[in-house]
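Below is one structure, written out as structure tokens; the observations come after it.
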Amino acid sequence: MYSPQPIDLAWMTYLGIFSMQHRGQEAAGICVSDGERFHVEKDLGLVTQVFDERRLDSLRLANARVSIGHVRYSTTGSNLRFNAQPLTTRTNKGILGLVHNGNFVNAREVRDTMLMEGALFATTNDSEVMLNLIARESHMDLVQATAAAMQQLKGGYACVLMSRTQLIGFRDPNGVRPLVIGQRDGENGNVGAYVLASEPCALFAVGARLLRDVLPGELVWIDRDGLHSLMVHPGTPTPCAFEWIYFARVDSVIDGVDSHAARLRMGAQLAREQPVEADIVVPVPDSGMVAAIGYARESGIPFDYGLYKNPYAGRTFIAPTQEARELKVKMKLSPTAAVAGKRVILVDDSIVRGTTSRQIVNLLREAGATEVHFRVCSPPIKHPCYYGIDTAARKELVASTHSIEEIRELIGADTLSFISEQGLRDAVDGPGLCLACFNGEYPAGTPMVNDLDKLALEV
Amino acid sequence: MYSPQPIDLAWMTYLGIFSMQHRGQEAAGICVSDGERFHVEKDLGLVTQVFDERRLDSLRLANARVSIGHVRYSTTGSNLRFNAQPLTTRTNKGILGLVHNGNFVNAREVRDTMLMEGALFATTNDSEVMLNLIARESHMDLVQATAAAMQQLKGGYACVLMSRTQLIGFRDPNGVRPLVIGQRDGENGNVGAYVLASEPCALFAVGARLLRDVLPGELVWIDRDGLHSLMVHPGTPTPCAFEWIYFARVDSVIDGVDSHAARLRMGAQLAREQPVEADIVVPVPDSGMVAAIGYARESGIPFDYGLYKNPYAGRTFIAPTQEARELKVKMKLSPTAAVAGKRVILVDDSIVRGTTSRQIVNLLREAGATEVHFRVCSPPIKHPCYYGIDTAARKELVASTHSIEEIRELIGADTLSFISEQGLRDAVDGPGLCLACFNGEYPAGTPMVNDLDKLALEV
Amino acid sequence: MYSPQPIDLAWMTYLGIFSMQHRGQEAAGICVSDGERFHVEKDLGLVTQVFDERRLDSLRLANARVSIGHVRYSTTGSNLRFNAQPLTTRTNKGILGLVHNGNFVNAREVRDTMLMEGALFATTNDSEVMLNLIARESHMDLVQATAAAMQQLKGGYACVLMSRTQLIGFRDPNGVRPLVIGQRDGENGNVGAYVLASEPCALFAVGARLLRDVLPGELVWIDRDGLHSLMVHPGTPTPCAFEWIYFARVDSVIDGVDSHAARLRMGAQLAREQPVEADIVVPVPDSGMVAAIGYARESGIPFDYGLYKNPYAGRTFIAPTQEARELKVKMKLSPTAAVAGKRVILVDDSIVRGTTSRQIVNLLREAGATEVHFRVCSPPIKHPCYYGIDTAARKELVASTHSIEEIRELIGADTLSFISEQGLRDAVDGPGLCLACFNGEYPAGTPMVNDLDKLALEV
Amino acid sequence: MYSPQPIDLAWMTYLGIFSMQHRGQEAAGICVSDGERFHVEKDLGLVTQVFDERRLDSLRLANARVSIGHVRYSTTGSNLRFNAQPLTTRTNKGILGLVHNGNFVNAREVRDTMLMEGALFATTNDSEVMLNLIARESHMDLVQATAAAMQQLKGGYACVLMSRTQLIGFRDPNGVRPLVIGQRDGENGNVGAYVLASEPCALFAVGARLLRDVLPGELVWIDRDGLHSLMVHPGTPTPCAFEWIYFARVDSVIDGVDSHAARLRMGAQLAREQPVEADIVVPVPDSGMVAAIGYARESGIPFDYGLYKNPYAGRTFIAPTQEARELKVKMKLSPTAAVAGKRVILVDDSIVRGTTSRQIVNLLREAGATEVHFRVCSPPIKHPCYYGIDTAARKELVASTHSIEEIRELIGADTLSFISEQGLRDAVDGPGLCLACFNGEYPAGTPMVNDLDKLALEV
């Protein structure tokens, strides 16, 4: 955030990252500057675990002007404490803080070159590569140097950078990862604070309204003179389809497309593409909820709450043995009486490994479902994501090695269908889409080293 | 749990209380005995906060035979650490551990009498009164003494007591609070372990099947000879209506009534009693979910997911100022695009103070809802609960001082209706019900001191 | 403490128990009352670990009047959290808090009788037996009931009891364990606060001066009318010799005997009883320090600092293997260059198991000491202590199974001598002494069950 | 440490830094490599607070070969977590870990130059400057590059650097800060592990014997071929006098001078230079202990233990008000009965601000000392230290603004004398000495910016 007037930026940034907790649960951090001091607090854990009153207070600088915050979702760089963001460093452009979402596919090559030139890398975080590139342009000002750095890094990313007096946001040329601009109403005739965030919910959390999306390839900066824009690298917009399928909150509008409406349309599309006779439509909560409503409406088959989700199950649950790990799904999802004796259409957002899907089908059958028809709001995932969706966890993609019929058999469903690529495009009904994980066409490049694990620095 | 064969009772009990986390978030505890040792671990916090691997391991006695567990929901007795359950104590019947759910309405009088006789009370927990009553009957065996103690304490309660060799469960004469019996399949021809729990989900969590409910006024005990029963004090069954309205999990069957089906019927009943023209039916998640589906089906008005619930919002969120406390609702619930330009029927389980309801209505209006029709699955709450539902939190009951029309105005809804008492009875469609909080008729007695706060011991 | 005027009793009590940290490192606790409320905070750990600012603040009642504090040194009752003191309970005399030092030798018989009468025992702490005895006298006032309870419990103990309005201290008839009375200067013509403590250092820590010792068998109480005394059970004074040998701080005066002077005399006595030709006198720090000075002065052999003690070594040091446990002594004590090529007289307070002594002698030899003459300020310890010195840790008393010559050989010293019983009496030069651990004559009775472990309650 | 054979380097390094806890209490860290992986654990706190079993285990690589450890004592760079050492980073010479003791006086100029060249500085730690200098020499191997970096940094320092396969130690040209080399006996005919440490006690802690000191200006490295040496920058040896006065353990031998013997000589020297008639010689424990023995022997006046030091007082003690901060000295030091009615010679290592000295004199007088003669083992401290002794804490040096007579009056002593510079040189009786804090002659240069605070980076 950038506020021309002193407001409680620590608290506001806390609200903002809290509202985006769904985007990353591994670590959280906030950096605040009052034009002189730079204070950062970050640690492993959820926002509410990292920040207690005392720690938040330590960030409450009297004349706070600029701040950034982050919740970490591990992709490259393991979950060590020193990888928590914001990353802060002193450069020839003063102290800088950077947060980023997504991945640079050529980070390793760039880093290796800079290593040979004498650079140090303390973390295994992509952000450090970006900061080194910025610092290297010692003759340019911060905005110019950032634009120059953008030209050298490829991939799908959205970043927010702060100095003592500026807030800078930029998005990759394809706009794979989202970034929105918001503004609070100013008080007493003053200009209100500007906010940059991955999703609009963070804007609303701090009382700001959505101005617009940062455009693919655009760099925006905010200083005492207001909001400025520079189109650094115009490209074809191909935002990540998974934002609407699963990642973004259901109350978010990204690149002009409303997430709730898109999911309703996905469900309806599925119902048209893959109809089946059944008694009830049941969502896998919470991600399949809205698509299931869409399916139910289009098909005329009643929607029902057939799977209870234990709201406490996301927490660190002790599960010592293999059997116990199976139990984890059972502790999280539990069939209600709705499914007994019913032919069930089960709607989920995606199938990755298939193991959870198999357990859910099994739970429904044990609870008396006579048929289970599995409907998926995304096409089969066959390829890794290089732009920031956790492919480490999605490594053993069942659809890359099995046919749909084989998957159906594996998970024990009576029928199994996925939405078509075109159906998904129609349902999102917005800009072009990155569908690389479905079709292998990577709009923003691929890493030279294909094995993502090798990207990690071992320190 | 009681297991004739050595099984991992610590782990099983952990699973059981984890599955009942929704019944209490203040403290958690487990006690295990192997026939010789008695080991208890308990603390303030959620199950996953209280128990890490190390602490659970300390409970893993090699030949564990008997165990009890508890999650605490504060009613009488403040949330100090020493009030966490199980309560353990040495008596003339050996070491005993006790967990209870509910309240004894005459605990204070009984305690005062025993104080005069020289008894000590270290906690402000009702359980300690029960244990003193049991210990006083030094000439009786444990089962007899427990039955004698039941005769002297009034109120709505369900308790589980363990000695080194017995597991004892009992329920008040009206069966206000639930208690079910389950059993695991025995292996190798052995008798399987018995389980007592408030809700069937805890049975399923440990792989047991539901045998039956403990009857109102019944005492059951399990020892090496199996399950035994004693009808101590038969009474008219009047289980708490709130179990089906809100408290029990939607996948629970209590006293023969399925919670999911009952909530569907509540929604349908509301639709019949209080129809209104509108565009969509929206639940207040998660408690209004199933009733909203019932309302939608009965009325033919489409169900939609109009309010997003942030799954991280239940955690300890820092909210320093009054304004920030309002923000808490906003950080927890967020309208989706479904409600813009729509006439919304909003379905919730109950209205207590009305403040949250007001904020939700306001959120919907800000998101563009043109009308908001508030429908409530319970009658207006006008009276405190003396049987264990948190009346401390329900102290300023808006319905006890305001007419329905006044409440409607207060919360800003276009219309407001509650289900009728008879409609609720029909929807639950089971045994008699305790509806004391709605109509002031207390089936299990009231405390002499009406002010519940005075029940608390100040230590 | 009892203060007629409001002072910061929480803070004062914190200072008091901090100054007595050497008397117990297992747990710490403080209880404060303002005449209405009773607030207690206690936990396992050192005073500075248990009490942070927030926790101390929670004890800062505005009109605090009475307080007690405790540091726990485990004797009977294992080191579980629920055994931390002060123990608080509601009785027919109101809420009471109790701290005690020492042991009741007939606690088990008394407890068993009360169990049969219907009493509960939540802890395995002797204090709870005392509180039950007090509560049982429901017709007496608190002072009378406490005096009656004193008559029934035997052993070596000093206790401080608080109600909302009184502070009561009492000491066993033999005065085995110490208890002193102090008073702060009153401000503005008011009476100053009274303090009861095990050692005078706690009085000085809170700015009080020493008034006198509580007499053996005396009960004193302080209320708004000042200090009162009742001689409940006069006996022959036989305070524990170990207070002067080791336990009490070197700046303490107990029962009229100055600890520093007594230790100087012990050293001198040893030099007279057990002279030996040598080059330097070296203390085992810190407990042998003053006696070594006494030995050096009497013998004319130079004192030197031959063993460095690592001040951080008392902390929880990880020592996984047997070899590593040996390392613990090495990490704690390290010979200086003073001992190389010297004949060393090593002065220590006592020999318990002999294992540490052996390692110290070995360290000195490795550092080049040509002879090591071990001199001990106490006679050989042959019998367990039933009055509160940790006999659990002193279980395998080497002197109970080995002759002095055998011990000498075991520890590898050139010569080994202990002070004589009469020499010790002369050195302390005060009242009669309890020398039970040396000669087996127990002035305050022995437990019926000799095995102290059996005193513990297994909960 | 470097071990050609696999040994438990994590545990050994833990022992080593534990034995040097007296050199820094702010933070602790260990880094271990097995030739492939590099694992570091570090945090704020004492060694025993930072390392629990689990954390130490995480460092236990099966084939550990190289390790470094550190305890932090804050000089430049505030006590933030990211300043904890070892600092690890990836460079063109592979991953490196560095620990250092002391200060580089031209770190700021060097850093500013490198900033302009595009370098990043994540910490405010001198080590990062050294690592950048090493990385910049991309054409040299690690040993050459380190030697080149040594040539560019001035000040008083001792560093240990590790790569996956090498352990490198180096010391500034004046040898201001100490560094010793040790070696363990090899087992089964193998070469034993090499150890580099600030003091010999760390060698003994891991079972190694002292080989020799690293020479001033020397760089040594250890790899699979053994120990190698390179004299990078020979200079006049002027080790820091404070190592013998106060900093080093009394059992350490540094640059050939035994600390215990040196302190005895300082005390004797003081007695010769500054005799006074008195009854006893009392040390300020623990640092004045051995010098007081020396003074007593030389003067013939009896040594006595006149001040008790509470061994728990170093811990985090809550001291909210000014009055309470005075109490801190009182809680730490307490006069024994030895001083009553006596003329006392008090021996301390140094006087910095004079406030503690004043309180100690006052304590002695209150305890009845009739005269207090203050004798100090170092000359008056008038100048800041730029080579790593905490001048932040020594900022308000009383001797830089007051005459000795004024200080005497300030602290309330009857007489006050300091050892002479020549007396100190004679007592240490070894190499030349850095006496800059006494006489302002800085052998290893001074910073361009005199205000050390300005050296700190504000992140």
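Side notes on the structure shown:
For reference, chains read A, B, C and D in written order, and residue numbers begin at 1 within each chain.
One rule holds in what follows: a residue touches a chain if its C-beta (ideal position, glycine included) is under 8 Å from a C-beta of that chain, and two chains touch if they have at least 3 such contacts.
All of these numbers come straight from a predicted model, not from anything done at the bench.
With centres computed as the average of Cα coordinates, no chain lies farther from chain A than C. With centres defined as mean CA coordinates, chain D is found 48 Å away from chain A. Chain D has its Cα centroid 36 Å from the Cα centroid of chain C. One finds 60 Å separating the Cα centroids of chain B and chain D. Residue positions of chain B in touch with at least two other chains are not found. In terms of which chains touch, the assembly is arranged as a closed ring, every chain touching its two neighbours and no others.
In summary, the structure contains touching chain pairs A-B, A-D, B-C, C-D.
Residues 36-38, 40, 82, 87-92, 95, 115-123, 128, 131-132, 135-138, 457-459 of chain A are the ones touching chain D in the complex. Chain B makes touch with chain A in their complex at residues 11, 14-15, 18-19, 21-22, 46-49, 51-53, 56, 201, 204-205, 249-251, 253, 258-261, 286, 289-290, 293, 297, 302-305, 308, 310-312, 314-318, 320, 324, 327, 330-331, 334-338.
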